[in-house]
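Same chain, two partners: subunit A is paired with subunit B first, then with subunit C.
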Partner chain A sequence: MIFWIVVGWVSFLVLPWYGVEDGLFAFEWLFDGYPWDADYAPAAFLIAQGEKLWLTPLILPLVAVLFCLGRVKSDPVYAKILILTGAAGFCWVFMQGFGIGLRGWQFEWLEALFGPLGDRQFGMGFGAMLLSSAFLFLFTQGIAARGAINGDVFVVSTIGLVIAIVTIFVFFPIAKMLVAAFVTEDGNYSITVFASKFFDDRIWGLSCLTGGPRCGVAWNSLFLAVVVGFLSTALGLVFALVVTRSNFRFKRNLRALTVLPIITPPFVIGLALILMFGQSGAVTKFVADLLDMQPSRWLYGLPGLMIAQTLAFTPIAFLVLIGVVEGVSPSMEEAAQTLRAGRWQVFRTVSLPLMRPGLANAFLLGFIESMADFGNPLVLGGNYDVLSTDIFFAIVGAQYDQGRAAVLAMVLLTFTLGAFYAQRFWLGNKSYTSVSGKGDSGVHPLMPRRLAIPVYVLAAVWASFTVIIYLMIVYGSFVELWGVNNTLTFKHYFTAFSFSFVEDGIRWTGSAWDSFWTTLKIATIAAPLTASLGLVTAYLLTRQTFVGKNAFEFGTMLSFAIPGTVIGVSYILAFNVPPLELTGTGIILVISFIFRNMPVGVRAGIASMSQLDKSLDEASLTLGANSWQTFQRVILPLLRPAILAALVYSFVRAMTAISAVIFLVSAQYNMATAYIIGRVENNDYGLAIAYSTTLIVVMLTAVGILQLLVGRINIGRRSGLGSK
Partner chain B sequence: MKRFSLAVVSALTALATTASTGAAAEKVTLYCSAQEDWCQVMARGFEEETGIKVNMTRKSSGETFAQIKAESANPKGDVWWGGTGDPHLQAAEEGLTEPYVTPMRGELNDWAISQATSAGDKTIGIYSGALGYGYNKDLLAAAGLPEPKCWADLTKPEFKGHVQMANPNSSGTAYTTLATIMQLFGEDKGFDFMKALHVNINQYTKSGSAPIKAAARGETTVGIVFMHDAVKQAVKGFPITVVAPCEGTGYEIGSMSIILGSRNLENAQKFYDWALTADVQSMALQVNAFQVPSNKGAETSPSAPDLASIKLIDYDFKLYGSSAERRRLLKKWDEDVSVLPQ
Partner chain C sequence: MGDVQGSVPNEVGVDMGEMTKNSKAASVTFDNVTKVYGKTVTAVDNISIRVDPGKLVTLLGPSGCGKTTTLRMIAGLEMATKGRILIGDTDVTTLPATDRDVSMVFQSYALFPHMTVLENVSYGLKYSGFAKDETRSRALEGLQLVGLKGYDDRLPSELSGGQQQRVAVARALVLEPQVLLFDEPLSNLDAKLRRQVRQDIRDIQQNLGLTVVYVTHDQEEALAVSDRIIVMRNAGVAQEGSPRDLYEAPVDRFVADFIGEANLIPCVIESVTAQIATISVGGIKHQLDARDLPAGSALIAVRPGRVRLTAEAGENVIAAKISKATYVGNHMEYIVEAAFGAVFAMSDDVVNPFLTGQDVGLGFAESGPVLLPGE
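Right, the complex of A and B next:
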């Protein structure tokens, strides 16, 4: 607590209150007129000079909090002081931030109340940010001191922190965007406008059932998402079973293979599919010649979308499921076997039901990913319109219609919410705990034969399909003009990644280096942050109870469910102006990645944690560890697969995400995918694919390194699998 | 104010001390909506010639417009160069860009100037390109189709399922097509044409140049696009033939605007003037951009469609560029054309 009081005072007295234009990490301000220059001055110096007087009230809570020094924790006054000062300080920082902006008062009623303000202010800097976090933590410590969650400071502070940042970086921008659904053409608010936009026939039309040309986009998206959700979950389970419960020799390769599609930049899979199955695709032509038919455009529309999305999202299901399948305790399966159940019976009645949390979470992720997918519908959608692309083109299309985009985004969110609750309903209130503190030896049984054969066949077919597609992609990066001129060449790699040795080192002359380094840097910063935030959130959601937990859980899914484009635009709307002025920086990219990819960490964490017996935590707590130690020394080591999934996923997605990024990149912070999409738009496929191939190799290496670092889970005393 | 004073301070420091510290303050933020390599050439070229640092971001014209609009409370960009003229006109109409009369006007073609006057000097033409279509020779021969020469040829029943164009709701190119047809045939006959065409369309793509890329890869026979996009595919080696429709056709004017509230206004204007010079516009040849430059003295590629030999309509940018007319036409197209069975 004393720590946070000190932080509060330091940030008020010493650190510059407003954001420094050259970014948080440029320290020129130290030498440039600090501390008196208004651009760099700390709040205290501003007030002393009679400027920005609305910051004065902040002194009150900072002084008041000093009164609890010397009091004991159990003193009710202690808690009261902390709560009051924390809340008051935090609220005031934000109220003044939103109330007073670049052009003076931000709201007309404020101007009416206080008269015009001759001053204005800019985005928050170090001082403001640290001070508000200091207030936040003082507040949570007050709550804990009052006895909430057994007075556990760590848990209460974490809940407070996660809620605060999710509110700022998820709820706030999305709310700002969705308000547009109610705005009329002349800028007023109206419910009827919303209704007329919402009940549009283009969204909800059902004419395709009665022979009309097409259905509404809402139904299209829903149908596609459900199908893809099922397919990817089923295939994910197939791969998870092959890897964990079979004697298959090339498990490791299979593992790498299933990860390939998520590390593939957008458009590449679609492109490869077109070259194989498009109207002039190799396979289509071959089959058409064989059957003596005209080659058709069958790929465009639902079939193509289904193939591409299943290919792309199966790995995510796999990543979630592998942890769960590994985590099912062998002793339960052995118990069933001892009771004379056949292998098939064990699988059906013991193993499968215990995998339910994994299945449900995998389906949910597949569903949401399909809903929000942008690249595949753009390339393969044909006339099968879906919500995500419609939202994008409502914003960037010939008719700038933010209202329609907001309405479509709402429809999409409703579906997501529906899927989320369906998932909860299906899991019900049952317990899926199977890893307990008790000694746990034994190995997983092999798959029953009845299951093994179809699983092998499916896995083999799908794996070879993936291999062929990736071979095509690699090949594509080495030919002059894919599909037309098949002369082999290194040209594309030279253009993108050439470098030369000069006297003082290497000169990176290729056109792609710039975006390549930026992407690598940002992904490396974002991945650990994303994973830790996701796992901590999962811990809170599974292990703690607090008011508003359900809403909070859904909130963490929001930014993942909304298509990136909407996130991109809403981030510009929310963070281009004070108090949080972040556009044009690398920070906004990192933040957008954290909040877009965090849900995977949350889902994987929840799925794994619901298998860990709560008595493990309790044992640790009884032995005198606090909840942070318990989390760190007991739960984290058991969560390795989930940690790996979250790290890999967030690193990879930060490198391959496109739709949110496109609005957030700036000249200094250009991302690889934005570069690739520029090339694709220019039909420069060779270069785009060469760059993508390089990224794939880089990511595979990174995934390998991560796997080594995190290590494997070892529950009980199992030695290898299927060794009997 | 903060940033302005910062710029002033650093400019003064630059005068007082060495030039190197000051150079950091001399910058201009460029939003570029042309093809990536062209944008690079422009940015690096300006840096080399003036020493002013160019921070360039490339996005499509629709994306750039959305971004400028979202940023309007606190603009981050200075100049918006390239991209079809419609979003530039829309930005001018919504007061997102700033009027500027360049001394270069004497060297420009009339269409470039008329683009500027129709937007109250808030934008200017930098290149132009005619609308047309391209077809894949190999697929056309394989399907035994006659060579199309006119707009009307595309509505013939044998072309059913062979034509691709973008959706005018999402693409500026397709909206230009719709507006061109209206101006060529009149509104009633124009919509009859769009209905007849609708029957033959195999897909309305989202992005404007997608149809010709599909044609290049053999995924559709005909793609309706700007002719310079079709030429680019042909030059790259794809089996594409470019057609200037016999009835006449419309065109786009690629434009440039200065963003209202620019933080480096002087540099933005310097870039604006520089981008209109003949030498700079000739640089388009280095990157295979086949648009017609707006400076009369600039070189044009021999492969570029020759605007003089194409029958161009007198395109009414003022009327068809206005938000109200656009909304009306698109609504009508949505209700009368897009719902018909194919």
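Right, the complex of A and C next:
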């Protein structure tokens, strides 16, 4: 508690209140007129100079909170002071932030109330940020002192933190975005405008069923997502089974192979498919020559999208399912075997039902990923319109219709949230605790033969297909001009990644280096933040009960259900102006990644945490460890696979994401994917593919390093640890 | 605790000297405590109990009676909805588990699968502020106490069930808590081991002078280990007392039936004089302690061992017939058919047993039968 009081005072007295132009990590302000220059001054110095006087009330809570020093925790006054000062301070920081903007008062009624202001303020900086978090944590400590969640400061504080940042970075922009759905062209609000946009035939039309040209974009997306969800779940299960339940000799390689598509920017698979099956694709040409017919464009549209997305999302399902398949307690399967069930019966009646939560998760992920996928529809969509790209075109296209984009986003949100609830309903309240406090010493049975044969076949076919796709990508990056001039060349790599040695080191002369370093930096910053936020949230959701937990879960998962295009647009709407002025910085990219990818960390965490028996936590608590120590010493070590998955996933996603990024990049912070898409638009396929290949290699290396760092975990004898 | 793999059980006694008597052992007091889950499910309904320092008290009852909830409220894993909980003289009602000086042995043992045996046992010590050396030496001492010397580097998964259980006990024990809790600690052990382990737990408790609260649904286990037993039913306390009290003077048919086996036979209290009731049962008269019951219909509870069978009908015996006779080694078990129903009886006479179908006279031992209120 004392820590946060100190932080509060320091941020008020020492740190610059407003955002520093050059970003949070530039420290020129220290030497440039600090502490008196208004741009860099801490709040206290501003007030002392008679500027920004609306910051003065903040002194009150900062002083008031000192009164609880020296009081004991159980003193009701202690809690009261903390709650009041925390809440008052936090609210004031934000009220003044939203109330007073670049052009003085932000709202007309404020102006009417107080008269013209004649002053203005910029985006919040270090000081404001830390001060508000100090107030937030003082507030949560007050709540904890009053006995919420057994007075657990760690839990209450984390809940407070997660709620605050999710509100700021998920609800606030989305609210801003949705308000746009009701805005007419002249800036007023209207329901009829909304209704006419919502019931548009382009969204809900069903004419394709009756032989018309095309169906509404909503139906298109829904159909595609369901199919892709099923296919990727089924294939993911197939691979998970081969890896965990078979004697297949190369299953380690298989593991690596299935990770490949994850580390690939999604549109790259689309590009590779074009290289093979496009109009001038290798296979298309071969077949056309063989059968002597015109090369067709069948790939563009539903078939292509289906193949590309299934290729792209099967590994995600696999990552989810492998934990689940491994998590099914062998002793249950062994029990079933001893109950005279054959291997097939065991699988059908015990293993499969126990995997059900995992299967549901995998399907949900596939469904939502497909709904939100932006890269593949952009490259392969053809005439098959889907929601995510339509949103994009509604905003960047000639029509520039924010309202329509918002309406499409709402439709999309409804679908994905619907999927989310259906899955929860289906799972019900079943508990699938598998790793109990007792060490498990069983061994997973092999797959029943009836299952094994089709599984092997499917796995083999899909694996070889994937291999071919990747070979095409690598090969394509060395080809001068695909389909026209097939000579091999290093030209693309030179253009992108050339460098030269000069006296003072290396000069990065290639055109891609800029975006490459930026991407690497941003992904490296975002990954651990994403993983920790996700896992902490998962911990709160599975291990703690508190009022409003369902709303909390909804909030944290919401950002996952929002397609990146919408995130991108809403972030621009919300964070272009004070108090949170973030556009054009690297921070907004990091933040967008954190909230885009956090739900995966949450899911992974929940899936593995619900397999850890709760008595482990309780044992730790009764042994005198507090909840933070329990989290750190008991939960985290047992979650290492989930942590790895979350880290890898968020790192890779940060490097490969395109949909939100395309709105948020700036000249200073350009990302690799945005750069590649730019090359694709210029028909510079060679460079685009060469760059993508490089990204894939880099990410493979990163994944490998992470795997080494996090290490493997041994729980049972089956993982083959030798006894000393 | 003795080593299952053949070491001498009384090594316990040898080791015991190394750990001093626990001077921290404290009482536990429940003051009108109620626990409601959600809005409607009352798990514990307004109970007041007291556990004296240095005693082993068992919470006994069928599943769903609220005994585990009670235990978890002592641990601080559940918070009381109403009422006060005291450990020693301190009010801990709102104190979370971390801050209570209580440790618990879980039914599932809850050993941390990713830590070795030694790390598991050291876990609580580390958070109690002991220095590294001290932590290690105490943990090793604890392991020795439970007879697991030399198992430090094993993982829980490399131990047998009994060994895991003892690690769990050691882990809780080394903290020398004010109160030690056991949540059905023997339910995952085989029968023979169970007798051994419960004896060991009792020995450790008595030697170290620990306050122990022990939850079980096994009445024999409860009778064997406890100083006092609290029988729970439907979220409340049915009866509290020493094992002998409960066995010999149950307050109602629930307790009589739950603690040991009892034949519940309807009877009529004909008269009460000076707290001695004269009852009529199955046509005979019998005199016993009235236990404040008025004249009228009642029940008597008779333990199988207190049923007297005689070869021929006679004075003050009920005519009955053996419907089943079973030889179980050290005694005979009979099902006897009388006018008021079947009676389960045991007899030490295995040399001249009654035969199935034989007519016998059924009577009751002088002390033994207990009057209970009727329906």
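Annotations for the structure displayed:
Following the convention adopted for this analysis, the second predicted complex is superposed on the first by the 703 of 724 C-alpha atoms of A that agree within 3 Å, B and C clash if a C-alpha of one lies under 4 Å from a C-alpha of the other, contacts with A are read in each partner's own complex, and residues count from 1 in each chain.
In the analysis below, a contact is a pair of C-beta atoms (placed from the backbone, for glycine too) under 8 Å apart; a residue touches a chain by one contact, two chains touch by 3 or more.
Since we're looking at a predicted model, the values are computed, not measured.
Subunit B and subunit C, once both complexes are superposed via subunit A, fit side by side. Looking at the shared chain after the overlay, A:621 reaches subunit C, while subunit B stays out of its contact range. Of the two partner chains placed by the overlay, neither subunit B nor subunit C lies in contact with A:690. Taking the C-alpha centre of subunit A as the vertex, the lines to the centres of subunit B and subunit C open to an angle of 170 degrees, rounded to the nearest 10. In the overlay built on the shared chain, the residue A:629 is in contact with subunit C alone; subunit B does not reach it. Contact with subunit B, but none with subunit C, is seen for A:670 once the two complexes are overlaid on the shared chain. Which of subunit B and subunit C touches more residues of subunit A is settled by the count: it is B. Once both complexes are placed on a shared chain A, the shortest Cα to Cα gap between subunit B and subunit C comes to 48 Å. The intersection of subunit A residues touching subunit B with those touching subunit C, taken from the two complexes, is empty. Put simply, subunit A touches subunit C in their complex at residues 74, 147, 150-152, 435-441, 613, 615-616, 618-627, 629, 633-634, 637-638, 713-717, 721, 723-724. Of all residues in subunit C, those touching subunit A in their complex are 75-77, 79, 94-98, 100, 102-104, 106-115, 123-124, 127-128, 153-159, 161, 164, 168, 171-172, 175, 181, 188. In the complex of the two chains, the subunit B residues touching subunit A come out as 1-3, 5-6, 29-30, 35-37, 40, 54-60, 62-63, 65-67, 69-71, 73-74, 76, 86, 90, 139, 143, 161, 167-172, 174-175, 202-204, 206-207, 209, 213, 216-220, 232-233, 236-239, 326-327, 330, 334, 339-342. Every residue of subunit A that touches subunit B in the complex is listed here, in rising order: 18, 21, 38-39, 102, 120, 122, 202, 212-213, 274-275, 278-280, 294, 297, 300, 378, 381-383, 389, 392-393, 395-400, 481, 483-485, 511, 569, 572-573, 576-577, 581, 583-584, 662-663, 665-668, 670, 674-675, 678-679, 681-684.
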